[in-house]
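As written, the chain order gives the labels A, B, C and D, with residue 1 at the start of each chain.
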Amino acid sequence: MIALTVILLKPVLQINDMVDLLEYEGKQIFQKYQVPVTEFKVIRSESDIPDFSERMVIKAQVPVGGRGKRGGVVPVNSKQEALIAMDKIRKIDFDGHRSEVFLLEKAYSERRELYLSVTLDRSKELPVILASAEGGMDINSVPAEKIYRHHIVPYVSVPEYVKRELGEFLGLKDRQIYEVVDALYSIYDQMDASLVEINPLAVTDGGLTALDSKITVEDDALFRHQEIEPRYFGLEPVEIEARKKGLSFVRLEGDIGIIANGAGLNMATIDMISLRGGRPANFFDLGGTDDPAKVIEALKLESKIVSKVLFINIFGGVTRCDTVATGIVQAVKELKPDFKIVVRLRGANEEQGRHILQENGIESLLNLDQAIDRVVKLAGE
Amino acid sequence: MIALTVILLKPVLQINDMVDLLEYEGKQIFQKYQVPVTEFKVIRSESDIPDFSERMVIKAQVPVGGRGKRGGVVPVNSKQEALIAMDKIRKIDFDGHRSEVFLLEKAYSERRELYLSVTLDRSKELPVILASAEGGMDINSVPAEKIYRHHIVPYVSVPEYVKRELGEFLGLKDRQIYEVVDALYSIYDQMDASLVEINPLAVTDGGLTALDSKITVEDDALFRHQEIEPRYFGLEPVEIEARKKGLSFVRLEGDIGIIANGAGLNMATIDMISLRGGRPANFFDLGGTDDPAKVIEALKLESKIVSKVLFINIFGGVTRCDTVATGIVQAVKELKPDFKIVVRLRGANEEQGRHILQENGIESLLNLDQAIDRVVKLAGE
Amino acid sequence: MAIIIDEKNIPVIVQGITGHQGSFHAQQMKLFGTNIVGGVTPGKKGTQSAGVPVFDSVKEAVENTGARASVIFVPAPYAPDAVIEAIDSGIKLIVIITEHIPFHDMVKMKLYAQLKGSRLIGPNGPGMASVGLAKLGIMPNSIFRQGSVGVVSRSGTLTYEIVNTISESGFGETTVIGIGGDQVVGTKMQDAVQLFEKDSETKAIVMVGEIGGTAEEETAEIIKNSVSKPVVGFIAGRYAPPGKRMGHAGAIITGNKGTAESKIRALNEAGIRVASTPTEIPEILKQLIR
Amino acid sequence: MAIIIDEKNIPVIVQGITGHQGSFHAQQMKLFGTNIVGGVTPGKKGTQSAGVPVFDSVKEAVENTGARASVIFVPAPYAPDAVIEAIDSGIKLIVIITEHIPFHDMVKMKLYAQLKGSRLIGPNGPGMASVGLAKLGIMPNSIFRQGSVGVVSRSGTLTYEIVNTISESGFGETTVIGIGGDQVVGTKMQDAVQLFEKDSETKAIVMVGEIGGTAEEETAEIIKNSVSKPVVGFIAGRYAPPGKRMGHAGAIITGNKGTAESKIRALNEAGIRVASTPTEIPEILKQLIR
């Protein structure tokens, strides 16, 4: 069913991002949906560590795979050992992420490790269950014939025959897997997830146990999940600043700043500059706007990363060229940028826009190819 | 979603009957689904009545409408008055039903009475929501233009726009009706109901309140609802006996007993006998069987109601004619019935069947018209 | 051509083939001439039943046999899952013999079949047969005779009785469909009548209804507006009391709705002759078919 | 003939017409020549917006105006309900402009539309226009010129840029469809291409793709097997970094999947010329159309 209960919207910044939950957050959701997990404790500071003498494991909480290989998962036998392990883990760089929170759980001994997930298949436009007896590794490296796949039609959920086939494929006699599959799909559906993954799903003497969790939620659906905070993992400060303002901004490695309206036009602009030897500094979708203030905001952000040239490429429609021109003029007056600005205006009110710019001494062109040439030339000077 | 969790089946007798829940049972379900009801107490015996001094109502618990008009709903002001009212109600015949259980609830004062239900529309083969501002009366007597109707596609449940339209139709400003509608559809869906009705749904100063409940569940779905006992409201003893044995039997008013295999053939047989002036005593679907014992069981039941003639009409397919003949011969030997038996056999193994009957001196025919003539003639003698 | 089944060798599987009913009727269907290519019973892979291989899943059966139709004998609590499995495996014609399937499941199943483009027939019916081509169901083989009458019915044995009469009278049948006695059925009476109208071999249509619901009234309306072939009607339950289920889940008069009178009236108003006994049917056919 | 919208006066309503975007674009669509007959905003019945009457519900609007298509400007949390309302009211063409609709809702909506036989276009796209007939969406009116090229695109402003180029070059367009930048879209690129193949007025097809997903690869496969008309491709995001959403929810390279290289390779293998800048597109068209 399509859940459409009306909710009071909190201002969630929607910039089409993914929210990757940390292992412990995912496991808390698993517990709620009765997916069996090993007993665990979330460690935020030293004082959270209990005294213990049995064999435990301390795990970095970062939203990236391969933690074990990089020293992020350490077996410990006492509080003292745990403290030492945490100190070590804190120093590890996991693809730009640092572990600020830790998970302490009982050491497990499994007989074998399985893989189980539910994710969106973009091609079929349906969720798909993936299962494999080859757990514990990246599913992309498992050969296709070792993966059980079933596309789920949400209206009939996971049919019984699918659970039977899947259980047989994994060599499981017990019906516990039926419950785990149902729970996983329920999480996918009810949490608006794009991925719910258990890897590995351990077969232990006590039954199935999720040894890790990966849950990804799209931010478009966060208005239904007030409990999930948007997060800024692995982002540069300027990207975080943009997100907080609800701006769609991606930092690239070059020096030519780009503002364009529309994602496709942005990408095409980046491509054209790159093809002619320029190096774009960013992707920045101005979106549809009729407020010059948004243009000023955009220029302020660009001024933090641009050194030589900023290219503003607008194809007017919803966003009118004169509005953009007005914003640019105000921003230049306010910011007095030390980089050059090339503006290209087409579409709605292009003449008025160019006139406003011309009056204020800002360069503008109509033709995209010429504008790109000019930008690349200025950057090379 | 189609619920297909595997359950241990308890032997539910499925004879395509409806289970009408009593008002208090329905209200208990309403409470579970948070449909507001007036505070109530179930009274099974005198000792269940509390002392009270406020204005209350005592209500007969019988699965028929129009209780109020027949004295089944009595306002009372004390335990003493309640006891007197119960005694009076116990003596009322509600279309063959007697009230054994009572419901005691606070007297209510409503501003207006609405009607709301979810039921199966057989024609469209979809559930339909019916709502009317003309509550408190039989919905069949409400003119069509005063009823709001919406067919529900189970996959999308009750869309928000439907709740908005329905609320406006009923002249309700508050969103409480949205929740009531959702709850009613959830009950319909999750309880496998064929009807969930609130009539009347009162608009009171405190909001909406269900003053009555009607929930009907088909017995085909009882395997999913172990909490609901099959019941035998308004049935004659011989019908109850048949149901307990899982036999599909309906008592009619005549004197010619009928056993046939198949519901349609049964009805056609009844029609043909009636059209020629005979008076059938019952409908009795032998169903498909390959066990002579089932035939004996059937004859035993018939012997309780038949006075002159029993007609056995079999078109063999799954049920073979020789099996039926063997059963008849055994039953006659065992029961020594004082009524005449006419057997008509066609289809699978008809010759063997007729031979078995002939050997044992039991009359049999091949032609249905001739058999009917013979039966009616014997009944008239 | 006959309807729905209009080719001789459509490959058919039986779901629940290792059960008593499943194996018996698989055999009977083969005797009729149906191309039964396999069966499905989870856990029974590698065995044989009714002389055909048994598979664990419909997918396996389809991959190994190319099956395009299925007959379902699976008990009611598991039948909806069996139907979904068949639909998901690409089976486009699914005949459900099982009785006592909750109508809630049937409503959802039918929508799912519609979404995926599969046709359901039944549940709680005898299935169907295209004479000379194939039978998918439990009707006795002996009653049929190839001919020109299309029969659609809500009943089981009453259908056998009527088909037998039509065969003995010499007319014979193109296709016989038992749509099932439940409240919600995969293929409705009106669907079958419309298909018969389009079928070049069918010269006349016999529709066998019974009390309960409004299928006959709706079909009469459609016949009035868009069927040119002669139609004979029969309605069982003229003397059935109101408020009682007459065996079939769908056969119940509620209030004053679903009576035989209402149906006979609707049929007559649509110009349809209604027989009062099965034997009258061929007599009326003789008058209508020239 | 153009595709999807292939008649001049199809009556269109705007859901969310009293909002800022809704009323502005209703006006713009009218200027294009679209037969905007009304709008829907619950609670605003009896008022007017963009010179047309506003209704409380789609059902009312359909009853009063005979509308057969709808353009949706309703905010994301309420848009799925608006789409279901349109489908339930018998609207067969629904263009969803709204962005940020959760893809979970879109998966379910699309199945529902399929069940009821409605076509969805979008969400998160500029809508569509059949030049000379009608525009349902937000594309600027000035960019079009009636002609012979069918355009399908995942983008908004980039589409305007490209359509403008095609118009200025003199080719002009039959129909332009922005399918939307989300992961799950009502009408896919391959659907549009197949419709263009069948359209007698369309002489060449321009498909504008971008990184993420495999829509372009699948479309290329279909073009290879069943499209005879010349096709020009354009793929945005050749220099986009992996793992980052480039504005659109669907525009992301995950692992090594969804790269521009993969798409360009697939297009080239299907014999499709791929332009590297928008201005190259008319140049290639000149070579292909004779």
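As a working rule, contacts are C-beta pairs under 8 Å (C-beta built on N, C-alpha and C of every residue); 3 or more make two chains touch, one makes a residue touch a chain.
Keep in mind the model is a prediction, meaning the values are calculated, not measured.
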{"item": "Which of A-C and A-D has more C-beta pairs touching across its chains", "value": "A-D"}
{"item": "Label of the chain whose CA centroid is most distant from the centroid of subunit C", "value": "A"}
{"item": "Subunit C and subunit D: spacing of chain centres that average the CA atoms, whole Å", "value": "44"}
{"item": "Separation of subunit A from subunit B, taking each centre as the mean of its C-alpha atoms, in whole Å", "value": "56"}
{"item": "Centroid distance [mean C-alpha coordinates] between subunit C and subunit A, Å", "value": "53"}
{"item": "Centroid distance [mean C-alpha coordinates] between subunit D and subunit A, Å", "value": "26"}
{"item": "For subunit B, residues contacting two or more additional chains", "value": "1-2, 4, 6, 153, 155-156, 159-160"}
{"item": "Junction residues of subunit C, two or more chains touched", "value": "78, 81, 84, 108, 111, 115"}
{"item": "Of subunit C, residues touching subunit A in the complex", "value": "42, 56-59, 78, 81-82, 84-85, 88, 108, 111-112, 115"}
{"item": "Contacting residues of subunit A [partner subunit D, same complex]", "value": "1-2, 4, 6-7, 9, 14-18, 120, 122-123, 125-127, 140, 153-155, 189, 192, 194, 218, 220-221, 223-224, 248, 250, 252, 260-268, 270-272, 274-275, 280, 283, 285, 315-318, 346-348, 368-369"}
{"item": "Subunit D to subunit C touching residues, read off their complex", "value": "111, 114-115"}
{"item": "Touching residues (chain side subunit D, partner subunit A) in the complex", "value": "21, 76-78, 80-81, 84, 100-105, 107-111, 126, 138-140, 142-143, 153-161, 164, 181, 183-184, 208, 210-215, 218, 234, 236-241, 244-251, 255, 260, 276-279"}
{"item": "Subunit C partner contacts - residues on subunit A that touch it in the complex", "value": "153, 155-156, 159-161, 164-165, 168"}
